[in-house]
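The structure under discussion appears below in the form of structure tokens.
We just call them A, B, C and D in the order they show up, numbering each chain from 1.
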């Protein structure tokens, strides 16, 4: 077995083969599932904790502050300390709340984001399930999270929570459309929904550049609508701290609140990685056709770093939005979607289709 | 409390339900409780419940001598403490017919305008936060810090200075005062551009505030909405112009009036008032005449029997001090007509048939300070 | 047609205003040198309060443990909150007549609103403000302080 | 309009108004029964047009309870102070003016809260600062509260 940071295929095949040689195929499959599950769980926790820290640092710098700097050097253990605090906090049970739904809701939210994570290609060969309808799967699964939010708002027996949940429902139903359509624009260009193929096709140039104008419009629309879909500012109406105190998770405390919190950041990571994969070439290095020397240098950077770098960039963009803009009102939010994003998107798909037909893309 | 027990019961056929905004709510800026009747997200009715931090300042004043009252006025509208002090001092000086030295008038006017700027800075910060732009909060507080430092050096306190006293000020300005004010003006003129970039022109902000909370001029007068909120409804109600006190008759400044009558115009009035205040300070800061920092007063100040009223323009509107004196060293009755109290009364009128998000924006644009309501 | 152009000009102006806003936060993000936060416990050594800062009321003692307070009680009368209590004692003076001296100058920091009237009105300038601002204690009774130090006496010629 | 003319105009409306001594504003003591009628005329008459009630305060004069209205005309820039008094300390009441000046609604609630002065026809006369079950009216001179008021 050769471990290669540029190509994980041989590494994963080796694990698969050695497991199969040790046990029956069914058992091997189950073992693989468990291994992947554990790895994802760890990854989830690490990314979630890091993103919370990153958000706090980014917003601090934008606000002319230092941010967390007490726990550990530069405060890097701050989120771990917070997490321990949340673990030890009392779980408050609300009078007249729907206990079952109240307890299930955080898990639904977290499971939805967890499921979507499995279809993301992290590097060459590092890909849990390579669906041939990967994009569709991700869109479908990631929108399950809204069920959790609705349940949380409904079961909390709190009017603020209910308003927050209803807002979130209206918001996600509308913005799901834009997310889907903007991804569809790229599917028109790529001709496939399989993530691995989409990434492979971008080896000679990212789709953002290949599809130039319509791809760029689609990218912007995707950024806006995915920010809305993850309930982040300026679209954080479901939480709307200054209006609804904390929206749908007003009544949650301790670890259940932490689940919502983690899921929010994980969703952000998810949409950022979809944006990175679909528009910015995923783990593919930055290549300019014809510049052989430049391309070789770019190839020296491992794919995983490329992937993380692109995702981090998109996440940073979303944080930048959140910490600059005031929040929209619910009717303005829907106006933005139905009056601006959706028509633009539809025209954009037509434009892209025309572009593909005429072979005007690169 | 009986009211809490007897909350109006929601009637299903009306599809109205009630939520309590406050006393602990992020956007009521303190302990104000708004009992809001909602239909979906539309505000149908709103009842403010105040008194959570009522300290009985008017009753306490009846026990205190006039110099002692000053420190209580700090704690009414804590964001314009200098102006509150100034009001009481002006009233005492008017009743005793004392001419305060010109230096004192200069110092007081500069301090008042610094107060107005820092109050509007904090208002800008919290208004941005109400609308969801949390970054505004930190920019506003950051720039306000410079004024607090200037105050700390001269008066010894950052927030509740009790700097004015009947007849003058407690101590002379610090030698660094003028220099620091100049530095502040220079810096803030750059920083206020950030304010405009990040909020004033922002499309989301414009949509959130334009056409929200329409208050006509007639309503503003009838409800007694003074200050920047009233001037946002085109009502020329600046006491600095109508009844000038201290140096205001001698400096040139514009009374900022806007005619849109919505939250955005109230916002713009405050933004432009910061420029006007800087303009006033610039005219005064280099010309502070030499002289005493306080007039000679008797050891025990007794107001001649009678009734006195003094109006000043605080950062939030008209502050009135009404004193009934029976000739003793303590006032017989002291009444503060505080701007936030009257401004609160219009909240119900403004937020009818608006959304919850608009209610927050309207509340922010009225710039309510809860201790000023409750006294 | 007009509304058609308005639609696009709205989008254009909206996006432009958003980008202007982002330029402000973006600029601060890339200029960490402008951070104004004070690192409080770390900068404790070189943290200099302004000389007029009203930390707490003190009775000014000189190097010989002498102060200027004769216990007249004017500060007590002037305090709006009753945070000063003067307990004076009578001792026989040099000429044989009983003389009033300060026994205890009690100051309730927890009730003080720092209005400065006691310091301003003290006829012998005995009181002043210290720059101490770390007042937090675990027991409220520790906020009741006796300002005259043990064994201190009044400076000759002040009374 | 200067104070002499103003006084003459008001005496036309309410002949038994008495002027009180005040250096600052023209102060008139008006019989309580005529208050509302006078207030309407002050607001609506074109040459008076007192449209801004900038202060409404209750005062306890010992034997009498009084309400003082500070009025200003934003158009003519003149001022007037109206004063109504009552000897009834058990159930003092005046007519409300909050149908004329909306700002009076809150001020009258405050006056009711602190002095126990009732305002007839007030739309929502409840205590505004204190609890509904608070005993007594704190700003009255005869108010006793052994717990909260410390006598030095």
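Keep this in mind: a contact is a pair of C-beta atoms (placed from the backbone, for glycine too) under 8 Å apart; a residue touches a chain by one contact, two chains touch by 3 or more.
Remember, predicted model here, so these are calculated numbers, not experimental data.
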Between chain pairs B-C and B-D, which one is joined by a greater number of C-beta pairs in contact? B-D
In terms of CA centroid distance, which chain is the most far removed from chain A? D
What is the distance in Å between the mean C-alpha positions of chain A and chain D? 63
Between chain B and chain D, centroid-to-centroid distance (C-alpha), Å: 25
The distance between the C-alpha centres of chain C and chain D, rounded to whole Å, is 41
Counting only residues that touch at least 2 other chains, which ones in chain B make the list? 135, 142, 198-199, 202, 204
Multi-chain contacts in chain A: which residues touch at least two other chains? 62-65, 323-325
Give the residues of chain C that touch two or more other chains, as numbers and ranges in rising order. 18, 21, 24-25, 36
If you go through all the chains, which pairs of them touch? A-B, A-C, B-C, B-D
Once bound in the complex, which stretches of chain C touch chain B? 13-14, 17-18, 20-21, 23-25, 36, 50, 52-54, 78, 80, 113-117, 120, 129
Under the touch definition given earlier, write down the residues of chain B that touch chain D in their complex. 1-3, 50-51, 54, 56, 58-59, 63, 94, 219, 221-224, 226, 235-237, 242, 306-309, 311, 318, 320, 322, 324, 333, 335, 337, 341-342, 344-346, 349, 374
Sites on chain B touched by chain A in the complex: 17, 19, 25-27, 38, 41, 128-139, 142, 198-199, 202, 204-205, 207-208, 355-358, 360
Mind listing the chain A positions that touch chain B in their complex? 59, 62-65, 159-160, 163, 167, 233-234, 236, 240-245, 323-332
Of chain A, residues touching chain C in the complex: 58, 61-66, 69, 320-321, 323-325, 340
